[in-house]
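Down below are the structures I want you to see.
Both of the next two complexes hold subunit A, though its partner changes from subunit B to subunit C.
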Partner chain A sequence: MARITLSALAHAYRPNPSAPADYAVREATHVWENGGAYALLGPSGCGKTSLLNIISGLVTPTRGRVLFDDQDVTQLPTERRNIAQVFQFPVIYDTMSVRENLAFPLINRGLRGAAVQARVEEIARLLDLSRDLDRKARGLSADSKQKISLGRGLVRPDVAAILFDEPLTVIDPHLKWELRSKLKEIHKTFDTTMIYVTHDQTEALTFADQVVVMLEGEVVQVGTPQALFEAPDHTFVGYFIGSPGMNILPARIENGHAEIGKARLALGRDPVLPPHAKIEIGIRPEFMRPAAPGEAGLEVSCQRVEDIGRHRILRGVCDGQKLAAILPEGAAMPPEVLRMSADAAHIHVYADSRRVR
Partner chain B sequence: MDKPFTNKAWLLVLPVFLLVAFNAIVPLMTVVNYSVQDTFGNNQFFWNGIGWFQELLDPKSQLGERFFDALWRNALFSAIILAIEVPLGIAVALAMPKKGWGVAPTLVILALPLLVPWNVVGTTWQVFARSDIGLLGAALNGLGIPYNYTNDVISAWATIIIMDVWHWTSLVALLCYAGVQSIPDAFYQAARIDGASRWAMFSHIELPKMRRVLLIAVLLRFMDSFMIYTEPFVVTGGGPGNATTMLSIDLVKIALGQFDLGKAAAMSIVYNLIILAVCWVFYTVMVQADGRAERERAT
Partner chain C sequence: MSLVLEHVTRKVGPLVSIDDISLDLARGTLNVLLGTTLSGKTSLMRLMAGLDQPTAGRVIFNGVDVTRAPVRGRSVAMVYQQFINYPGLSVYENIASPLRVAKLDKAEIDRRVKEAAELLRLGGMLGRLPQELSGGQQQRTAIARALVKRADCVLMDEPLANLDYKLREELREELPRIFAKSGAVFVYATTEPSEALLLGGNTAVLKEGRLVQFGPTAEVYRRPSHIAAADVFSDPPMNHIRAEKSGGMMHFMGQVLSADGVFSRLSDGAFTLAFRAHHLGFAKTSASAIALSGTVAVCEITGSESFVHIEAAPHRFIALARGVRHDAPGARVDAWIDPDDLYAFDAAGRLALAPQHGKG
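Up next is the complex of A and B:
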């Protein structure tokens, strides 16, 4: 059990990094609370696996420190940190039975006898592996193997955090659900910090209390799934989370209004903008609505309407920019050109991709 | 629907059949033919039935004693070089760089001995190990270690064994290296997280992943070492005495030295059958081990 602190941490794989682009993980400080379920979300190559490997000790950071509670573990090797990691592909020891696999980390730490057996059986029961305990591990299916990998982490009573590196990659879709609920259940049973790396937003949003979104080595937002949805701190978060992603439109901000081409939307506030920044506004498709009579709105020419079952998505163009809007249930087919607006609270202003309050 | 059936298809196999007949079946049959006859030259042959085989397989007869002595030497030689080359090859494979600039030079250096023809290896070592002018031989003698492969059995055996180890350990190492390279990094990382010792990593991760290539390496090295001819022939000529006379060398002595074609033919057949039998056992063990793994996966 531990709080994990990354203090002024940065990592580059190449020697003598200078430009920000040289860094796989850009300098930042984060605190991961004890017992939290975190998801590290981002596109491939954004540095999320690097960050995970720094926490587990497989990679030593170029700068900064890693603290478990108040102990500095930056220079400690993996085996001396109380960390377990589950990898993309199941790692099992082919020659051993499931029981031996689960007991392996305990045996390596000098434990023997009945205590080991009891612990192994407890974990096996928790992971529904009891029936397979005495089978050779290599004969099992991918999801069972992944459970064994997880079990080898859980079996150690001292484990402070379990790290998952896209653990469901090779699992059949219908078993993904099952395994994901199992993870949630385990997180509730054990008071262990869990950090889950994924590029799948569904996985991240269903698993985590806190989602950490990364882009190009930088953490762009940490927040609850709801916060990420309602107030994305970065245009990338808006675009990456949600389906369809947030509408991002270039705009000019003046006197409490956003000017998009000829249209003006009321903001009800006057954000302080840095000079010479690229200004955009973002509106989630869920919050787009037809403008009330007399209300100012965006002129949207409708191109098509997609029916995806739960709701319908309007795809249109406004001032040369693509735009999506989710139509309210039971709404009539929209006309070819319509005016759309959104409540001021749901219109976010971005300067150089970052949200301005 | 009935498939059209025609015997004419057999004609298509004919060219291959002829090719195989002329380069394998006919020569083999010649050997079988010789093995049941005796000759006193002048192309005169006499029927001898299974006489040569009886003599060959009777350890009390002169020919039998000679055969079993050579067979025993062959078996000992194969056992020794396998006992050295397999562990050494694994050790080399594990010590080789896994990535970076060192990989290519290491592979080239390791592959070099494999590219040298057998008789060149033999000649090189024959000179290298000479006790009067050879760098190795003269140096050993200079250090006061008695070494002369022309009159000392231990020296002769040591020479051909070290020569074979020099020539062929690379093969085992390269095959094992391929096995080690196929292990994803995650396995090592997981093992470190599990607190596994270096030995545990080797026995639970590396060795199981190397098993298949290792069996192939053992099979190749066994066949090759059991058929060894050129190197001892070039270096020691089978001596001192008969100390390094392997089956193949003896075979040539009987066939071309004494022109005892019948005896030599019988011996070739038995020799061939021994190698076939051992390889068949190896192969069966390999296939069964794989089949067991497959079945475990399927259930």
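Up next is the complex of A and C:
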């Protein structure tokens, strides 16, 4: 188990990188605490897999250092980093029994006898594999095989960290929750540092205490699921987390208000804005509400209402910008044009895409 | 244009992949095939396209029996889950390819390609190669190619399944608009209830090669005729409780309640009470609400909502909560269901009771 430090780390796949866009991972320093559950989340090409590969030793960074606790492992190959990895596809020996598969990493390290068996049985119990211990791995379902892969990672008690690369890709959607719940339980039981790469927000938010959101090689926010939802630090986080994503509207900020076209929304604060920045406000569709009588609001022309069962989504246009609002299940059809607002606490201000407090 | 399936069955060896399905799909309609993997969606589409032939039954296009006609004899276009484009051809040429095969004149090809590109927002990308596009743009190119043919029947087999969820969200929003402008018979296969709801139109629920229910999408969602339709049309799956009504009382999960309110509409017998996750809440919102207690297995957090999995042996329930919930695994919780939100299915699985308030 280890604290993982990425110190002034940057990586480019092309030689002689100069512009920020040349980097797959842009320079940054991060400290990930021992025993933490971290998820690296972002669209394809954002650099999350590169970052994972740097931690695992598959890729040596162009600049900067990787530390496990106080040990510099930047130049060490994967096998000397004492980490366990779980990949998209199960990595197991089909011809071995489940028991032999689970014992393999221990036998490989020279362990023998009762201690091995006890540990294997403990891990099998935790993963609900006890009944299958003496079956060949070959005949098992994809989710059982992936559990074996996971078990092979967990069985060594001394690993510095467990790294997961989209581990639920091959799992049937209806079984995913079970493995998600297992991962939670395992993290609680073992207290191992875990780093989990995914493009799936539900997977990231369910698994992690801290979600690391990446965009174009840059970490744009590290935060709890709640923080990402309630206070996105970057307009991309607002867009990427939540469905539909956050409404982003160009605005002018003046005297404690946001002006959007002719409309005004009360902010109750005067954020300090950098000069010449592009100013926008962000409001989540969940926090849009009809304007109170006498309250200035946004004029929204309703284009259609989508009924998705548990609630409805109003799709409209405000001052030439698309806007969405969540309406409760069974809500009446809104008028063609309506005034909507939001509480000041749910209106965020962004300067050049970054949140201003 | 209409597409009619009459008692269509397909057997492959001893396996029945499609079991006696009849469907009547009219011109200009969007028809969703909703079912889990291996429910028969793809098999049914292949029969519609003429890629496979039924063992029994007839396929009728515009009143003409085409059961034995091959793909080339039918006016169909197909979009698959994997984006299939010609890697060496530009987006323009990819979209134009079926028109070149049909030997249309140059001006007509140009007009149609630009129209389809406009509809699918590919206007600025016509000169690029597929590999220079994002996954969403590649799939939009494949859809444009399917539309440009102006086939009478457009079949889409989980076209968004390989896209990440933000792209899915965007294309889902656009698809109904694209369908509305076409006028063909659209058939769209998906495993996702929310996709069916967003697309609207009609939905055919499939299970194990059989048609469970066909009707307007919102109606199938709110009044599933059979428990199988309710289960398929629910994500997360419907919560179930085994119950029995006898002597004016409801018995379930060790509780005994007087069978008044909605329960008075049931006759005596065994039922499965079913309800969707978003109706199981953590606050008692009505006097008649029923408490279901258990321990938390996991909270799945989607960003704006949380699905709380609750173990209440032998039952397992899923409740949907707004925002982010962090109940620790193993924590005890009380959840509440309002009887007005309940469905009941009889011992044969047929609908016996549905919410009356238009929700569900």
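Heads up, the rule we're going with is that the second predicted complex is superposed on the first by the 350 of 357 C-alpha atoms of A that agree within 3 Å, B and C clash if a C-alpha of one lies under 4 Å from a C-alpha of the other, contacts with A are read in each partner's own complex, and residues count from 1 in each chain.
What we mean here is this: a contact is a pair of C-beta atoms (placed from the backbone, for glycine too) under 8 Å apart; a residue touches a chain by one contact, two chains touch by 3 or more.
The shown structure was predicted, so the numbers you read here are calculated from the model rather than taken from an experiment.
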**Request:** For A:W177, select first, second, both or neither according to whether it touches subunit B, subunit C, the two together, or no partner.
**Result:** second
**Message:** Output check: A:G309 vs subunit B and subunit C. Expected answer is one of first, second, both, neither. What do you get?
**Reply:** second
**Request:** Please indicate which partner A:Y13 is in contact with in the superposed arrangement: first for subunit B, second for subunit C, both, or neither.
**Result:** neither
**Request:** Go through the superposed model and pick first if A:L58 touches only subunit B, second if only subunit C, both, or neither.
**Result:** first
**Request:** Name the contact category of A:S243: first (subunit B only), second (subunit C only), both, or neither.
**Result:** second
**Prompt:** Between subunit B (first) and subunit C (second), which does A:R284 come into contact with in this model arrangement: first, second, both, or neither?
**Reply:** second
**Request:** Give one of first, second, both or neither to describe whether A:G139 is in contact with subunit B, with subunit C, with both, or with none.
**Result:** first
**Message:** Once chain A of both complexes is superposed, is A:I83 in touch with subunit B (first), subunit C (second), both, or neither?
**Reply:** first
**In the superposition, subunit B vs subunit C on subunit A residues touched** = C
**Complete:** Note: in the complex, subunit A contacts subunit C through residues 43-44, 172-174, 177, 180-181, 184-185, 188, 199-202, 205-206, 224-226, 228-230, 239-245, 284, 286, 306-311, 315, 329-330
**Message:** Going by the contact rule set out above, which residues of subunit B touch subunit A in the complex?
**Reply:** 184, 186-187, 189-190, 192-197, 200, 203-205, 208-209, 293, 296-299
**Request:** Show which residues of subunit C lie in contact with subunit A when the two form their complex.
**Result:** 36-37, 135, 164-166, 169, 173, 191, 193-194, 197-198, 218, 221, 236-237, 276-278, 297-304, 307, 309, 320, 322-324, 326, 328-329, 357-360
**Complete:** Given the complex, residues on subunit A that touch subunit B span 56, 58, 77-79, 83-85, 87-89, 91, 93-96, 104-105, 108-109, 135-136, 138-139, 149, 152-153
